[in-house]
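What follows is a short report on a single structure.
As written, the chains take the letters A, B, C, D, E and F, and residue 1 is the first residue of each chain.
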Amino acid sequence: MIKGKKMLVVSAHAADFVWRSGGTIAKYIKEGAEVTVVVLSFGVRGESNDLWKQPDATAESVKEIRKGETLAAAETLAVKNIEFWDLVDYPMQFNSELEERMVRKIRETQPDIILTHDRFDYLNPDHNRVSEFVFECSVISNSSGARLEGTKVTKQMRIFGFEPHQTEMSNFRPNSIIDITDVYEQKIAAMKCFKAQSHLIEYYTQRAFMRGNHARRVSGNNSYKYAESFANYFPTAGPELY
Amino acid sequence: MIKGKKMLVVSAHAADFVWRSGGTIAKYIKEGAEVTVVVLSFGVRGESNDLWKQPDATAESVKEIRKGETLAAAETLAVKNIEFWDLVDYPMQFNSELEERMVRKIRETQPDIILTHDRFDYLNPDHNRVSEFVFECSVISNSSGARLEGTKVTKQMRIFGFEPHQTEMSNFRPNSIIDITDVYEQKIAAMKCFKAQSHLIEYYTQRAFMRGNHARRVSGNNSYKYAESFANYFPTAGPELY
Amino acid sequence: MIKGKKMLVVSAHAADFVWRSGGTIAKYIKEGAEVTVVVLSFGVRGESNDLWKQPDATAESVKEIRKGETLAAAETLAVKNIEFWDLVDYPMQFNSELEERMVRKIRETQPDIILTHDRFDYLNPDHNRVSEFVFECSVISNSSGARLEGTKVTKQMRIFGFEPHQTEMSNFRPNSIIDITDVYEQKIAAMKCFKAQSHLIEYYTQRAFMRGNHARRVSGNNSYKYAESFANYFPTAGPELY
Amino acid sequence: MIKGKKMLVVSAHAADFVWRSGGTIAKYIKEGAEVTVVVLSFGVRGESNDLWKQPDATAESVKEIRKGETLAAAETLAVKNIEFWDLVDYPMQFNSELEERMVRKIRETQPDIILTHDRFDYLNPDHNRVSEFVFECSVISNSSGARLEGTKVTKQMRIFGFEPHQTEMSNFRPNSIIDITDVYEQKIAAMKCFKAQSHLIEYYTQRAFMRGNHARRVSGNNSYKYAESFANYFPTAGPELY
Amino acid sequence: MIKGKKMLVVSAHAADFVWRSGGTIAKYIKEGAEVTVVVLSFGVRGESNDLWKQPDATAESVKEIRKGETLAAAETLAVKNIEFWDLVDYPMQFNSELEERMVRKIRETQPDIILTHDRFDYLNPDHNRVSEFVFECSVISNSSGARLEGTKVTKQMRIFGFEPHQTEMSNFRPNSIIDITDVYEQKIAAMKCFKAQSHLIEYYTQRAFMRGNHARRVSGNNSYKYAESFANYFPTAGPELY
Amino acid sequence: MIKGKKMLVVSAHAADFVWRSGGTIAKYIKEGAEVTVVVLSFGVRGESNDLWKQPDATAESVKEIRKGETLAAAETLAVKNIEFWDLVDYPMQFNSELEERMVRKIRETQPDIILTHDRFDYLNPDHNRVSEFVFECSVISNSSGARLEGTKVTKQMRIFGFEPHQTEMSNFRPNSIIDITDVYEQKIAAMKCFKAQSHLIEYYTQRAFMRGNHARRVSGNNSYKYAESFANYFPTAGPELY
């Protein structure tokens, strides 16, 4: 039952959540989930190579463009709640203040599900740090003893890792393959908002096709055409085998 | 939705399916699934140590006792369909004839779910061979080109591996932890049918408690008291994150 | 230096070598290598699902179609030496006679390179057995003491594993990513010969694109557009870091 | 083609680059590569046990001896460019300033190849930190958006990890085994410069022999007598299978 | 020979050493070892959920209760030397000052054995940091060049990792299973001191039973009823196979 | 306590037990253990390359030479009980008859310790099969229900795997490093008996040196000069941490 679920998405750089979970976000929203997106950085240093090719590019001009593109993409996915923390990237660094801010955000949103980077990305040190940061903050958020004025302790939520850029070199194992066939056009449209990373649009289009093939293969359900995959941080627990 | 699901359980030795999945079987039956159990051997050589302590024990007498105990356990779990292939154990060996028999059984039952041994058990070579055998037969069963008179090709089913005796030495990773709280008494009663392996009753009683703790821990749901865990051979695919 | 290299390709089923190494084969031939392909089975049982949908399909008719398609694909890739062993598939089984036949084939071709299935494919038991079979035969072929009338002992050759269908679930790690940009059209044309597996044509088209992205990413060479990847069974040894 | 290649070597402690890559460095220089060595620390605390046995040893006296030995070793290997950053070791710690310094060094040398510590050394926490530090700095160096006055963005270079002291406990997998037979005497002479770690001279002499055996074994080339091995951080990409 | 051995136990939170090694500690003391326990934090934030349910609980009141419980547990195990560092938990953070303090503690106690958290706990970031911290401090303590006024360099000690809460998800592999049958009552009594974590008492009672089963299984020694297990950081070295 | 221990060594080819465990065997015998060696094959096909260089070599002549060399080596190590099963090698194949023979041998010798090949050797398929064969036979031997006239069921023994030729590529992890300093000369003398594999004498001489270095490193005991290492199939269980 997706309806009524609360999902918090934490994205290291501006476009990460679109490439890696745009379809799943659109689907969850369409079916009645409440989704909040936190974008930690604009990816000015590490993920804006094409923008820097402009002769007069500055950190500020790049940031503005990235922000506009990200808002457009979020709108395409029907994301209503999005915020930008504007951290420096490459390398992204965390401290106690940011940790308190994230714990507060988790307690404020009381998520059933957190989507963020998976535990290991062999090419991208920022993604690894975000994964560790979000996981630690979730542990603190769930601890009764971690007192923060004006917050309410959370219950253990499900946490899922994005599929990284180069899957098998990052030890990624998909646990949940999500059918995004009926929101596929939204994802394509959202990806097209990012002009600085145009080579990735086709890349993630094709990955959706490939994961769609795997979804059919392991389920025998031929209606699945496009999909995204995620690793879960914990086993499932409940009444039924998944 | 458990109701209407068809489940095929393949157990290397007579009691394996009770220790490792008795609660899940009872639960699935209670909620309306159709369960078929295939017991490949009586475990006369490798899993009847206590019975052999009788001065006049013979392979035949041991087998009779094991069969009676297994039927009693199955009845306790409400299993209606159970069959015994009476293979020799330690080592269990397969051939083309057994393979055809298993493919026919899979096609006859058209299972949504197969429960059997997981891919690696560091202490029990029979379990490893059964895992490989069942998996291969499932692949053949799903292949249109594997023609067998009077059978109907199956669709890709879900396959789950039992938790082995010593989990972490066998590289076992639980993917699905199944809450068996409301059928727990049935599982205990079923385990008590096996007099030859009395030391295992307490062992699997305690494991149910331990997995219940983990179920609460990863879900935040405190109603889970007892549980069993399984590894899945494939990722899930579908509309929702699990 | 590709020119003059001798390559032996061993394919479990008729089309495996095309999906997984068609570009690399075409490239090696174009640059002057001698390539020999051994097709162990026609994939009648496990990899001809579409062909079996014909109401009057028989094992013989399926085989004929597969053979014709495979020869056409081989021709497209400019493969001159190809042979069919016509083994039964799903499950594929080996014995001493087949082993001697393969050792003889290896000694006859004296390959610098063997391409075959990688050590583990989580979905395809035949591929695993072929990997083990070919590796064992290579060890025997290289052993002075394994006397076979009319054969000449081989030197240790390089062995590379194909990328399996679902990479990361099969623990596949690419070691060599081969740029196939200039033979890409040949690969596409060769894949189109296989009517029974039409869904795989797009799948492997997209994989070539994805591996092309990775090739650019790890090399910084932007001329690489399409690629295939392989795992090597052994480390490289020589004068230079690769 | 080694001639003209630019190689940057980053060594946690003074002698690491000699034990682990002295032969490869000598070979690359001999065949026309330009090699730059950065020595991050003198290893005063953790790798100078014998020197501290002198009754009047001080950090300063130990450092002087280590520096002299390292310069002598570098000269033996024909290294012309070497610099000492004089960090404290055990534990070695990095910060933003050191990071900028390393990014500048990478951009200044524009390396085709970086040699440094591999991702995991089970006995030596400094080596792990250096590996992470150098990798992160390489990512930043390659990013167009990481602007540093007076520097030129680099292209993705190859990165190789040294074989650690106890290989198999550190999950090290050799990908490239480099034949150092023709520069072996230089390596031996360079190692002999380090009086404080005399027990390591025989150790690495024997490892060169052992890796020479492996080089012959996997290549069939019997001219390889001595070798060093490296793990590569990325797959190879290009026209040929390695 | 346990008699005369010196053991240093480093526990992230107040009760960790009791759940995970209470039996082994009691046994070592009983047989003549000298045991020192360092408790890094009281676990006020992360491991005192039940205590925080008191309406008027404060960090100070929680800490007082935890300290009292821990002292009582230590006394039950006959531990004479215990100290509390009173660090903040969740997240626990280390710095140079704490590092020097730990190196001094190691050199002061000159342990043959260090017991602490194992390298990876998938649920508990504090445990991972303590593992890394203690290991690094042990390396420094063993280094002649790490001069600290008034301390004596240590010899390489054995280091063992506690079994984490959820074993197989944390990649834990037991190397030493310690029979605690004759001190079992002491461990039970010690665990009962912790009122804030009452659900763990039964959990670790049952784990002792489960590890007792494994101890019998791998040794054939039926006198082992209850056990604790540990991973060793290094292989054993000596005259005998263990 | 080595005195009185019973050890069974199972060697795939004639010289394997000498290269990989000759020192440990000599030491155990010297200190009062009873050692029995079973040599499964003479290694005529796969491990006698130098002998086959004789122009008139035949399988029979090679076998005779290997047998003489092996007996001489065994004598040097003071092995009194050795038997040759004369199986064909490359590939070595097992059947029910050989299995019964091995179970009988295990029950006859009632070993405390079995030494044989470890679970995975990436270069040598025979070694993998022997490992699996011996392990399965040990399981059967320990089973009360596996009745064999004239035999006595065994208790669970310790099983240790030899270090394979190329350690890290075979996933080998040493658990027990055995100091062989005081029997080192015997091992060297025993190795020198094998003229057909002269290149291995230096190889294993140097490995003994390397493992001696590791033994000192992990124990701090500087009297260890030469060593052999083994993986254990099971954790230790008993009163003490190893």
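What we mean here is this: a contact is a pair of C-beta atoms (placed from the backbone, for glycine too) under 8 Å apart; a residue touches a chain by one contact, two chains touch by 3 or more.
Predicted, not measured: the structure shown is a model, and the values here were computed from it.
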Checklist entry - Where each step is a move between two chains that touch, what is the least number of such steps from chain A to chain D? => result 1
Checklist outcome for this item: chain E and chain F share contacts with B, D
Checklist entry - At the place where copies chain D and chain F touch, is the share of residue numbers found on both sides over half (same) or under half (different)? => result same
Checklist entry - Relative to chain F, which chain has the most distant C-alpha mean position? => result A
Item to check | Pair joined by more contacting C-beta pairs (C-F or C-D) | outcome: C-D
Item to check | Label of the chain whose CA centroid is most distant from the centroid of chain B | outcome: D
Checklist outcome for this item: Whole-angstrom distance, CA centroid of chain B to CA centroid of chain D, is 53
Next on the checklist: For chain A versus chain B, what separation do you get between their C-alpha means, in angstrom?
Outcome noted: 38
Checklist entry - Which chain F residues sit where two or more other chains touch them? => result 123, 169, 173-174, 214, 217, 234-235
Next on the checklist: Once you draw an edge for every pair of touching chains, what topology comes out, line, ring, star, complete or other?
Outcome noted: other
Checklist entry - Mind giving me all the chain pairs that touch? => result A-B, A-C, A-D, A-E, B-C, B-E, B-F, C-D, C-F, D-E, D-F, E-F
Item to check | chain D residues within the chain E interface of the complex | outcome: 43-49, 51-53, 59, 62, 90-91, 122-125, 169
Next on the checklist: Can you tell me which positions in chain B touch chain C when the two form their complex?
Outcome noted: 99, 132, 135-136, 139-140, 143-147, 233-235
Next on the checklist: Quick check: in the complex, which residue numbers of chain C touch chain D?
Outcome noted: 1-2, 24, 27, 31, 113, 155-158, 160, 173-179, 214-221, 224, 227, 229-230, 232, 234-242
Item to check | Interfacial residue positions of chain C with respect to chain A in the complex | outcome: 123, 165-169, 172-174, 199, 202-203, 206-207, 209-210, 213-214, 217
